[in-house]
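Take a look at the structures listed below.
Across the two complexes that follow, chain A remains constant while its partner is chain B and subsequently chain C.
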Partner chain A sequence: MRWRPSPEALRLALPVMALAALLVSVFVMRPNVMGYNGLHLLFKLGIPIALATLAQMVIMSVNDLDLSMGSFVSFVACVTATWLVDAPLIGALMLAGAIAVYAALGMVIAARGLPSIVVTLGMSFVWAGLAVLVLPTPGGTAPGWVAAVMGARPALMPVGIAGSILIAVLAHLLIMRSSFGVLIRGVGGNERSVSRAGWSVLLARGAAYATAATFAVASGITLVGLMTSADANIALRYTLLSIAGVILGGGEFTGGRVSAIGAVVGALTLLLAGSFLTFLNVPPDWQIGAQGMILILILALRLLLVRLERRGARA
Partner chain B sequence: MTATPLLSVTDARVRFGEVRALDGVTLAIRQGECIGLVGHNGAGKSTIVNVINGGLTPQEGQIAADGAPLMHWSVTEARARGLRCVFQELSLCPNLTVTENTRLMHRGSLGGWGWRGRARAVISAALDTVFPGHGINPAATVGALSIAQRQMVEIAMAFSDAGIAPRVVILDEPTSSLDAGLAAQLLDHVRRFVGQGGAVILVSHILGEILNTATRIVVMKDGRIAAERPARAFDTAGLVAAMGSTAKAQARGTQGGRDAAEVLRLTLPRGLPFVARKGEVIGLAGLGGHGQTEALVALFEAASPAWWPARDPAVTFVAGDRRLNGTFDLWSILRNMSVASLPDLARRGLVQAGAEAARGAEWKDRIGIRTPDMGLSILSLSGGNQQKVLFARALSTRAPVVLMDDPMRGVDIGTKQEVYDIIRAEAAGGRTFVWYSTEMDEMTLCDRVYVFRDGIIAADLSGDAISEHAILAASFAGAA
Partner chain C sequence: MSLLRKPWIWSFVAAGLVWFVTIMATGGASTIGLTQATLTFAAFSVIVGTGQMFVITLGPGNIDLAVPANMTLAGTVALKYMDTQDALILPGLGIAIGIGIGVGFVNYALIKALRIPPIIATLAMSFIIQSAAIATNRGLRIKPPDAMADFTTGLTLGIPNVALVALGITAIAWVLLMRATYGRQISAIGQSLPAARMAGLPVDGLRLATYVLCATLAAVCGFLLACFSGGAALNMGAEYLLMSIAVVIIGGTAVAGGDSNVPGIWGASLFMFLVVSMLNTYGFGAGVRLILTGLIIISVILLASGRQGATR
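On to the complex of A and B.
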């Protein structure tokens, strides 16, 4: 039998190639980026975006969608820049409470069969309101330890790249390799057979939402570490960016088909696409549209790959 | 037969709204027996299976395990006592690998570090025991497997032992997607398992399997047990009589001829070309998964425009896997039926409710859909009746060609006879049918049969040349 790459490997190859292509284009246009400092600036925001994308990926692995991701990360950032500095214990309790709210939301969605899109859309206004209450005007400071971690300069590669790799590996172990990950992806794949095997889908959904919230909290904290201050709208773009990153990384909206490494690569690709367009001197007004075109282009390539996959399965 | 039953159900009654699904059923399962469960669609087989496996609590009746009555019976409790179930519709997670599915199925007994290795060992051992030489890689994603391989995995999963050994295994139409060789392997294993003291409940519409495998046969009808005897006291005719439908001998009418107008042609890269003529019933035969479904899909795609639906559809399709690509679960029976012919029922873009209801009532009578009201949800129907709705959907269009992808999977004999008669009548009226089936009997109803092997058409049989022997000979390489 001839060796054939697995469908998962093929799916992952596309975002990796897209990232490489963008990186090479950026290097060609701005050769001086090709150093430690250049890469540091290019991938500086990689960690929070990767974490938010992973959070969205966990929600998507149980066939749901979180439209409150951006406002939730903003809320976390506001708490981080204020309470976590002034009264670390209360701040930590607030963040733990937010995670518990997410878990409860997941269980309510499972128990009542509610559409997650509607629930999270409603919650996005709640989180946005809470963020304004916590931090009415932009400001605050990053907790010292967060700023220290995010400002570190590791020897081999910038913190944005090293952190992204570390996060991707940890998320891969949790979501793709552990029993827990199998359970939540199983809920996305075939909820009925999971419950027939004696699992509680209610608890599984709750745990998935809590895991997602944990990633999102980490995203908000690291974001403040990079920006050194916060405001209530700091991460609103993360909602759509995180969904796009998951899809770009080989995930699907339904069926529990996700890839943790793919999601991180997808998030970095979107991040790099922004810089790429700036280097091309695309005016900011056109950048979002151009970013959308890049996304469509990559997804069109993905359709081609899916066809290859089908042909492979038939042979 | 005097041993304490592993599991017994006493006087179970289940009602779904107006429908009495179970009307006082008493059934005991003992060690070392294989109970064959047969009956029409809607006779209550699936309901009793669901009661036994803990998925459904009867409104009345008791359940006892190992002689002790149970107050609380659930899926978890059932699994803890070694009860396993293979469902009629496949129920693995398609996005996970075989190993990962194994992990999910054995909730409490495979966890912790290194579970992948243990799960792989468990499922490999089970696959090797039930289907020697299966060739399935446990690291493969289930969605990438063929439907037969998925069913093999699911069956092996039920017989796998990861701490809690299987004691009672319920197999609901386990061979519906397996070819003859794999089905024989499975039934051999069932006999072996029963011989070693296990118990099996086998639900199948293939009476030969039941007669050859079961030790005791339970015939259900209208939610009750109509007959219960040792298997050797039954023969095919007796079983069919007990189920309440009569086996009619099918006369083959050769309506379509070699000289009629050609309506479809498909040139395959290798092998014989596919040609269909007006008024013909064409069978696609051969072992399961040898390219028949792909040929049907290719025919459909070749004959239907990709961008905009044609005013006059050229082909229509009856799906075999009705959960996957047949029914709209949230829609009513009527909507499910009329969806393919809405342009015919519409005036100026608006669907005429009266015309739709009239069309529904016509087909309800014609094809015998057993429901008090066409406005009920499609899921209120039994599997066979859902399949009838899909037939009505296809036949009520004006398309001259009907493609059928093993549409009789899990349908009872009475329903089949009714559908066969309708197919013959429609063919006499000039419709062409292309019919993939895994059942030999259905092939002898066709005017012409293409036998598939390894993705190509290996033989073109017509008229009296269609026989079980000829089809088998063409299905196996080197047998002709």
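On to the complex of A and C.
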């Protein structure tokens, strides 16, 4: 019997190939990036972006969408740069409270059948307002332990890459291999059958939202560790970046079809696309536009791959 | 009472309440000024919101995130072309509309040909449009032609002109949605795409027309807003991304699609602007203002869902 890759592996192949292609192009253009320091700078912001993308992925696995991701991560960053430094206990309680709010939101959305887009849209105003209240002007400092962890220089690979791999593996085990992960993806796949099987959809959604919030909190904390200060708008672009990362990594908006490793790879691809365009000497005016084109290009390739996958299934 | 069962009545009730509370704060001194300002700013939300409503009617997942970038590009290019000359106003408007039509076409081409989910397709598209706007703008702020500036900031019979334009657009939109075949057909698509396809509706043509309509309305709004605010700014569309979605949903349109209503957009747009000015009047800071705006959006959605649950 001939070995044929599983659909999941095939789905993952594209984002991985896109990341590899971008990386090779960057190496060709700037050979001196190929060392420890070059890679360190290239993937420096990888960990917070990967964590925010995973948070969005967990929300998307229950068929919802979080439009407040960017302002929530900004809020967490503001709390981290102020309260977590001055009064660690109160800061930690605030972050725990924020996670509890997310869990409550998930349950309210499940109980009343509300559209997640609108609820999180409203919440994006709330988090933005809280961030402004916590830190009215840009500033603050990173807590010592966060700065120490994010500034570490592991022996084999830069912290951005090592951290991303670690996060991807942990999230993969949690979402794809644990019974909890199966439950929340089941809610995304077929809510009714999950509840018929005796599970509480209410609690499952609440738990999914709490998990997502935990990832997002980690994203905000690590972001401050890298930037060493915060402001209320520090991560606003994470909302759209995280959605694009999940889709790029092979996830779908519906049906609980997500991939944790894919999401991390998708996030890193978008991150690398920025540096790639700078190295290409794309004029600054067209940088955002070129990122849009890269996104379209990769999704077009995915369509091609899905067609091949179908043909393979028929044969 | 049949009026109370209309899904859009609540946004008007809420807007009226907030209006009253705001007036109370100033002892009725600013009644006319506040009302005119509200009508003016609500008009811009109404125009983009109406376009977004048609797209949302198409069913789950349909949304146009390119609206803000589209507004910016249309405003920038049109003002640059008109170069403050009154004679070029009509061609300038034509250019804005042309940009809208073009953006709508490309949006749907990406959705259809590449099977990209609308959120991502319009998002990627908005990046490209934003770049085009930055490249055209180059930091220059070109003034609108005097006649356009006067028109967009002026009043007719005490009512702001832009509000009258928005009213005209919504009247057409209402006829289009509720009385014309097109509106009934896109509602059918929103309720069930497979069923609409089985019934032989030209699904792709209708969806294409809807994305073009939405992008065109956004472009027209960008044109008016640029003239109103004395020039196009690169971030002028930014707040309309969330606003265009919020006014549609608060106005009582079903997020799942297939059941939309036009009057609610007016109520919700008035409401959203009034909330901000009420909080300003009472002297709240930016942080509290944002938090209360968010909480109010969520409360409205909670109330609306309870109402639907009761009648079901």
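By definition in this document, the second predicted complex is superposed on the first by the 314 of 315 C-alpha atoms of A that agree within 3 Å, B and C clash if a C-alpha of one lies under 4 Å from a C-alpha of the other, contacts with A are read in each partner's own complex, and residues count from 1 in each chain.
As a working rule, contacts are C-beta pairs under 8 Å (C-beta built on N, C-alpha and C of every residue); 3 or more make two chains touch, one makes a residue touch a chain.
The shown structure was predicted, so the numbers you read here are calculated from the model rather than taken from an experiment.
Once the two complexes are overlaid on the shared chain, A:L19 sits clear of chain B and of chain C alike.
Using the contact criterion defined above for the overlaid structures, shared-chain residue A:R185 touches chain B, although it does not reach chain C.
Set against each other, chain B and chain C touch different numbers of residues in chain A, with C touching more.
Legend: residue contacts after superposition of the two complexes on their common chain; A:F253 is shown touching chain C, with no touch to chain B. Contacts of A:R112 after superposition: chain C is touched, whereas chain B is not reached.
Of the two partner chains placed around the shared chain by superposition, neither chain B nor chain C is touched by A:V146.
In the overlay built on the shared chain, the residue A:Q291 is in contact with chain C alone; chain B does not reach it. Residues 65, 67, 108, 112-115, 117-119, 121-133, 136, 240, 243-244, 247, 253-254, 283, 285-293, 295-296, 299-300, 303 of chain A touch chain C in their complex. Contacts from chain A toward chain B in the complex involve residues 7-8, 177, 179, 182-183, 185-186, 188-190, 192-199, 255-257, 313-314. On chain B, the positions that touch chain A within their shared complex are 55, 75-76, 79, 85, 87, 91-96, 100-101, 103-108, 110-111, 115-116, 141, 144, 294. On the side of chain C, the complex with chain A involves touching residues 60-61, 65, 110, 114-117, 119-121, 123-132, 134-135, 242, 245-246, 249, 255-256, 285-298, 301-302, 305-306, 309.
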